[in-house]
Amino acid sequence: MKYVDEYRDGELAQGLAAAIAKEARPERRYHFMEFCGGHTHAISRYGVTDLLPANVRMIHGPGCPVCVLPIGRVDQAIRLALKHNVILCTYGDCLRVPASDGLSMLKAKARGADIRMVYSSADALKLAQENPEKQVVFFAIGFETTTPPTAVAIKQAKVMGLKNFSVLCCHVLTPSAISNILESPEVRKLGTVPLDGFIGPAHVSTIIGSRPYEFFAEEYRKPVVIAGFEPLDVMQAIRMLVRQVNEGRAEVENEFSRAVSREGNLKAQNLVAEVFELRRAFEWRGLHTVPYSALRIRGGFAEFDAEQRFGEDYVSVPDHKACECGAILRGAKRPQDCKLFGTVCTPENPVGSCMVSSEGACAAHYTYGRFRELPA
Amino acid sequence: MKQNYIRPLDLKHGRVDMSHGSGGRAMAQLIDELFAPLLGNDYLAQGNDGSVMPLPDGPGRLVMATDAHVVSPLFFPGGDIGCLSVHGTINDVAVMGAKPLYLSASFILEEGFALADLKRIVESMAAAAREAGVPVVTGDTKVVEQGKGDGVFISTTGVGWLPAGIELSGNRAAAGDAILVSGPIGDHGMAIMSQRESLAFESPIVSDTAALHGLVADLLASGVQVKVLRDPTRGGLGTTLNEIARQSGVGMMLQEARIPVQPAVAAACEFLGLDPLYCACEGRLIAIVAGEDKDKALAALQAHPQGTGAAIVGSVHEDPHHFVQMTTGFGGKRIVDWLTGEQLPRIC
Amino acid sequence: MCLAIPAKIVELLPDDQARIDLGGVRKEVSLALVEDVAVGDYVIIHVGYALTKLDPEEAAKTLALFAELDDEARAAAMAQA
């Protein structure tokens, strides 16, 4: 596959590994957060950690929209399916997220809810057209990459005059999450989470551009390198971060220049601005309530807002007492530090969302990396 | 961290969900905690695809295997539920080292199912049975009301003859053994995915469904010391190797670069965020053989038309944790864990 | 967090759609989020939509950067392999 395979080349990896080892100063430690869950997944799946020197460590960030989805939102979706008898369309990632009453969407399906997995918002729209006698609700999750596809679907629904299509909007914003981490006590004051820089998300950045990160670099004096999705991209970005730290710079650099520009995709940004507006506040799993961090559907498209159409309000549900998803999402704890990890909480029986999503820090560690923790 | 801890099934209030049928940990747990304690006996406890039973006279043994087929869609590129049900059970008998002799087939038909489709399916079964030389000698048909079935469910049982001297079992892998596959993985799983509503994509991917008893016979006749044979169906190569590792009490190390995957299967997996290691195969063998015989085994497989794509993919070693590990094509290491539930396409 | 993959446009279709090809697998996707795409261009696909065009020059430059090593690092890499 062109533009994919060449970015996974093992020989180039060895070269990059040597380059990073050489540039990393032996007397200091480097801690970088890869914000994006896709990067977490790539690091685990390809075993990138094995190619980094011991003094360069990665901290997993909260850029996994499934992981930051609070229990209350999944409950909302399940209520729509079970109580209001809608066809609930969802991306595959959400099906196993544990919600209240021992349910998940998959388990609710076992109880008779009409929950269908779709690959695209366009498929949900198609289902609405093909089932005019039923209400179809699309459970819209995701960061800025996934929001424009939802915007397109809503606009098309309006043009088609569809009366049975609506969206449960849980789209969240990357810059707010990054702010939240940088403002968190562990990072800002206590210094218990030493953070030397960020690997910026790949595909979110194709939409929002590299410009939004400039604020963080300036305000918090942390370098940001936007990295492509493939393991060589991640390693190159780490190399660039090490270099910035060594040179005392705090800039935004773009490793993913083949797809990301400073301005981003203006057409997509405008489409999103047309259909959505900022929510005052939104609850994130683990980060609690974050102001201006999420989107809701604008007045002009209110007829497609499932929360309004069905009158199902969001009800906050606290996480399991011993669940450390919050601390893990902020990078303050590692999966191994959670008492539930690998015992009560496993991919089969996830307690928190970090274990459900395949790119959640806990699932990634359990699935790909837990062999590192055990005595030989 | 407690090793191998699994939260027990809630037998009072729990319900069956899709993950229980996917071939992964959830299904293994259902068997371990519900079926085995109630039905359990030494034969079930063997834990292989087919059970081996002694016969009243003579050292030869009877092998019996059964499989239900609920595949949807019923017709897919490269095959259909009919030939799939014949191949699958023949293979379960063959991987025990036995010569498959006879099949039974029982049908559960949904009211309203088109007779033309039923005819197509049965024609396909007949052709598969004829080609394999294994006749369907007894059967049954039932009809359920509309809405209570998925068109047609087929259950097949096969019996075979296992001569003395052949001992193939999932608990026989040992340190130093080599792991081979008979061809590229994931073809069947992705052929099915390509037909799923709302995931549909056009591709040249065709199911690899095939009866493998000829390939097995050739391998056994070659003089290679074979320890384990298994066909990686639901749960794919990854899950099947984990099953064997657990049964044998060993660890495994795979080389990702050696595992054959067709480019179109790899591409389709990229689209959907799936891992070919967990995609089903219906015409492939995993063979674990004595280390010193690995080249001979490879040659024997490659000499057969169903094994031309065979490869040596890894080796067995001591490991108290029974991990299946892999060196990635990139140069790092990871584990290849059990599949959790169904493999689901993802956006993240 | 966002699974997206580069694929080649092989056919432009009505209603702002296109057929893309990745390793022999073809799918219909939406071009609603991009502009000025032509057959032969590579786009990044996410949940059935093209997000942006891939710049082949930048792609080549990035690959070249990966391979950029000074002599010491190169020697170390060879010794390791």
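Details
So that you can tell them apart, the chains are marked A, B and C in the order they are listed, and the count of residues begins at 1 in each.
Going forward, contacts are C-beta pairs under 8 Å (C-beta built on N, C-alpha and C of every residue); 3 or more make two chains touch, one makes a residue touch a chain.
Computed from a predicted model, the values in this text were never measured in an experiment.
Of all chains displayed, A has the C-alpha centre closest to the centre of the whole protein C-alpha set.
Counting C-beta pairs in contact across A-B and across B-C shows that the higher total falls to A-B.
Computed centre separation for the pair chain A/chain C is 21 angstrom, with centres defined by C-alpha atoms. Per-chain CA centroids place chain B at a distance of 35 Å from chain C. In chain B, the residues that touch at least two other chains are 263, 266-267, 270, 273, 346-348. The set of chain C residues touching two or more other chains comprises 1-3, 5, 22-23, 46-47.
Counting partner chains per residue, chain A has residues 1, 4, 14, 17, 37-38, 64-65, 91, 119-120, 123, 142, 146, 359 touching two or more of them.
Of all the residues in chain B, the ones that touch chain C in their complex are 201-205, 263-264, 266-268, 270-271, 273, 346-348. Residues 1-3, 5-7, 13, 15-19, 25-26, 29, 198-199, 257, 263, 266-267, 270, 272-273, 321, 323, 325, 327-335, 337, 340-341, 344-348 of chain B touch chain A in their complex. In the complex of the two chains, the chain C residues touching chain B come out as 1-3, 5, 22-27, 45-47.
On the side of chain A, the complex with chain C involves touching residues 1-4, 6-7, 9, 11-12, 14-19, 21-22, 36-38, 63-65, 91, 119-123, 142-143, 145-146, 148-149, 152, 201-204, 206-207, 228-229, 232-233, 235-236, 255-260, 265, 267-268, 271, 359. If you check the complex, the residues on chain A that touch chain B are 1, 4, 8, 10, 13-14, 17, 37-38, 41, 44-51, 64-66, 91-93, 95-96, 102, 106-107, 109-111, 116-120, 123, 126-127, 142, 146, 231, 336, 341-344, 346-349, 357-359, 366-371, 373-374.
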